[in-house]
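Below are two complexes that have chain A in common, paired first with chain B and then with chain C.
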Partner chain A sequence: MDMEVKLFGSLSEMFGKSILKVNDCYDIKTLKENLFMEYPELKNCVFLISVDKKVVLNNQKLEAENEIAFLPPFAGG
Partner chain B sequence: MVGHWNGLKIFQIRIKMKEKKKSKVFILGPIAPNFISDSIAKHISNKEIGAHDIFLGQVRKDVLGNNIVQAIEYSTYEEMAEVKFYEIREAAFAKFEIICMHIYHSIGIVNAGEICFFVFVSAKHRNMAFEACRFIVDQVKVSVPIWGKEIFEDKNFIWKENI
Partner chain C sequence: MNKEEIAHYSKQLILPGLGIEGQEKIKNAKVLVVGLGGLGCSAALYLTAMGVGKIGVLDFDTVEVSNLQRQVLYSLTDIGLLKAEVAFAKLSFQNPFVKISKHAVKLDNKNALDIFTDYDIIIDGTDNYAARYLINDACILLNKILIYGAIYKFEGQVSVFNLKTHSVLEAPTYRCLFPIPAAFDKLPNCSEIGVVGFLPGIIGTLQATEAIKIITGLGEPLSGKLLLFNALSSNFQTIEFSRNNNWIDIAPKNNTEFIQMDYEYFCKAPDIKLSNESISIDELKFIIDNKIDIQLIDVREPFEYPQIHEFVDLHIPLSEIYNKLHLISDNKKVIVYCNTGLRSKRAITILEKEFGFSNLHFLDGGALEWIKNFPN
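On to the complex of A and B.
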């Protein structure tokens, strides 16, 4: 299952791109574990995860059509 | 037949207005003082309103160590931000007796001293306007995905974080 993770703010700057390609991540937990393994520097970053534009705090299943994003701390206003 | 046609036309215009309103929160660059005064002037026709409360966020020339902030470059996850602005709007109308509200936020570069955030709430009486305005400002800060890069005078930068 191929998926994309949208990156914003400091995370997109750190990776030098705004989309990370991932595969075989059937839930948030696996997604985090796989990405932490591939990019250990991500472990030191503070970010929230959103699925279909909603912040997700607990583990949940992922489907190919989900829109996933990593959101660094907000700074609006 | 004519009446039906007019009705349809009005319906279509309303949909267009709604769509236009949805995408109008973000303004490229600073929010001009003239834009703010024009917004105030537009409310002259609504005679129900007895109180307006306006919040303006301005980019601060912060000094961080040896660095001086020259500007903030704002970016967003627009699709999610629109959902969040809609939720804040719905929550504000459900929670407070307000007549209307408007939110504008800059995107892109805003120099120190310029306006980056404009919340305008109108109600019958002052307390509702004050409370709703504070609620909306706080909600935007905590829940809308907007990021700000504080650019220093020597062009280095750090990522701003809301406290």
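On to the complex of A and C.
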């Protein structure tokens, strides 16, 4: 199952792209675990996860058509 | 409103839904703009132009030449002057029907509650996480509406926090979005990473827009919604979020706790590398469920939340660790925890390097991660 994760702010900069391609992530937990394994520096970042434009707090199943985003806080003013 | 005011605001008075009644509401409103940088300047300009009756302008800093490409209240002749003073003079001149109050102070947890009391709506135009958590927590304690705006390079975020209505008694707050400060990111602020002049203009104007919507009752405020703007793709989108009481519980509960809270410390960005000396919350859950004999130590200060009912723990705040060494087991497995894992890691470093402990582990994600997964 191929999926895309949209990256915002400092995260898109960290990866040098605004979309991460991931596969075989059937829920948020696996998605995080896989990405943490592949990009350990992500473990030290604070960000929100949204699925279909709603912030998710707990683990939930993911489908290929879900729109996933990682949103870090901004502090600039 | 007198004849002059009616003439002054005539273009917005004829708008459906606003009218004299809406303008009266704007005139009676009291809005505080915290931080007179890019966001604060543009928000304050429009709130003043539209006739918000009382506007507070708060900033401790002085105008620098590098501010001028985005902080549109200031000119070359203002360099070195206090931003609050310049803003006060410019805004008072801009609209004589508005009362501007200046606060040329650094906002902290000793003065925030006193200053905020006089206003209905607080606009957060600050440039650091410590101030943002402090403002959020003060607004929760005083029941003030908070309009959040923040920028990063070409992107911006806007939301409305703590907006309680007759149907919504418990509104989302900043802590419901970001319970943990972005400490590990060690992100520099605008002045270090660069900022494009128009972006705070747009985001600050959106904050003023939310204020006017809330004051007049027009439209739908961004409560429970995080608005994201990307200037390069010209894209706006909103993400929905809800109130999370577990995370609000971590905020100070009363004025005393608020005054004791060290926001700078809470948001500090020390180096951290997760190693195999960490224990996951699932591992700790297993240990507790199976009554495995370990020692659990809470290194948070006494006033910190959340308290976790399942934990039978020893409480040794990091600040007292040198005096309570004798209480720490040197033969059992010891799990040290705090709210995120940062301070426990620091405690372990001290105990290992200075006192030779080798049986210590820290709880990865700390009490916050625990409460997120296993609510009390």
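As a convention for this text, the second predicted complex is superposed on the first by the 73 of 77 C-alpha atoms of A that agree within 3 Å, B and C clash if a C-alpha of one lies under 4 Å from a C-alpha of the other, contacts with A are read in each partner's own complex, and residues count from 1 in each chain.
In this text, contacts are C-beta pairs under 8 Å (C-beta built on N, C-alpha and C of every residue); 3 or more make two chains touch, one makes a residue touch a chain.
Everything numeric in this text was worked out from a predicted model, so none of it was measured.
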- [ ] Name the contact category of A:9: first (chain B only), second (chain C only), both, or neither.
- [x] both
Open item on the list: With both structures fitted on chain A, tell me whether chain B or chain C touches more of chain A's residues.
Closed with: C
TODO: In the overlay, answer first, second, both or neither for which of chain B and chain C A:69 touches.
DONE: both
TODO: State whether A:44 touches chain B only (first), chain C only (second), both chains, or neither.
DONE: second
Task: Which superposed partner A:57 touches (first chain B, second chain C, both, neither) - done: second
Task: Touching partner for A:77 - first (chain B), second (chain C), both, neither - done: both
Open item on the list: Does any part of chain A touch chain B in one structure and chain C in the other, and if so which residues?
Closed with: 8-10, 13, 50, 53, 69, 71-77
- [ ] Show which residues of chain B lie in contact with chain A when the two form their complex.
- [x] 57, 72, 74-77, 79-80, 83, 105, 117, 137, 140-149, 159-162
- [ ] Using the touch definition up top, name the residues of chain C that touch chain A in the complex.
- [x] 35, 37-40, 124-129, 132, 149-153, 155-157, 177-178, 180-185, 187, 189-190, 193, 195, 200, 226, 228, 237-242, 244, 272, 274, 372-373
Task: chain C partner contacts - residues on chain A that touch it in the complex - done: 8-10, 13, 43-46, 48, 50, 53-55, 57-58, 69, 71-77
- [ ] Give every residue of chain A touching chain B within the complex, in rising order.
- [x] 6, 8-10, 13, 50, 53, 67, 69, 71-77
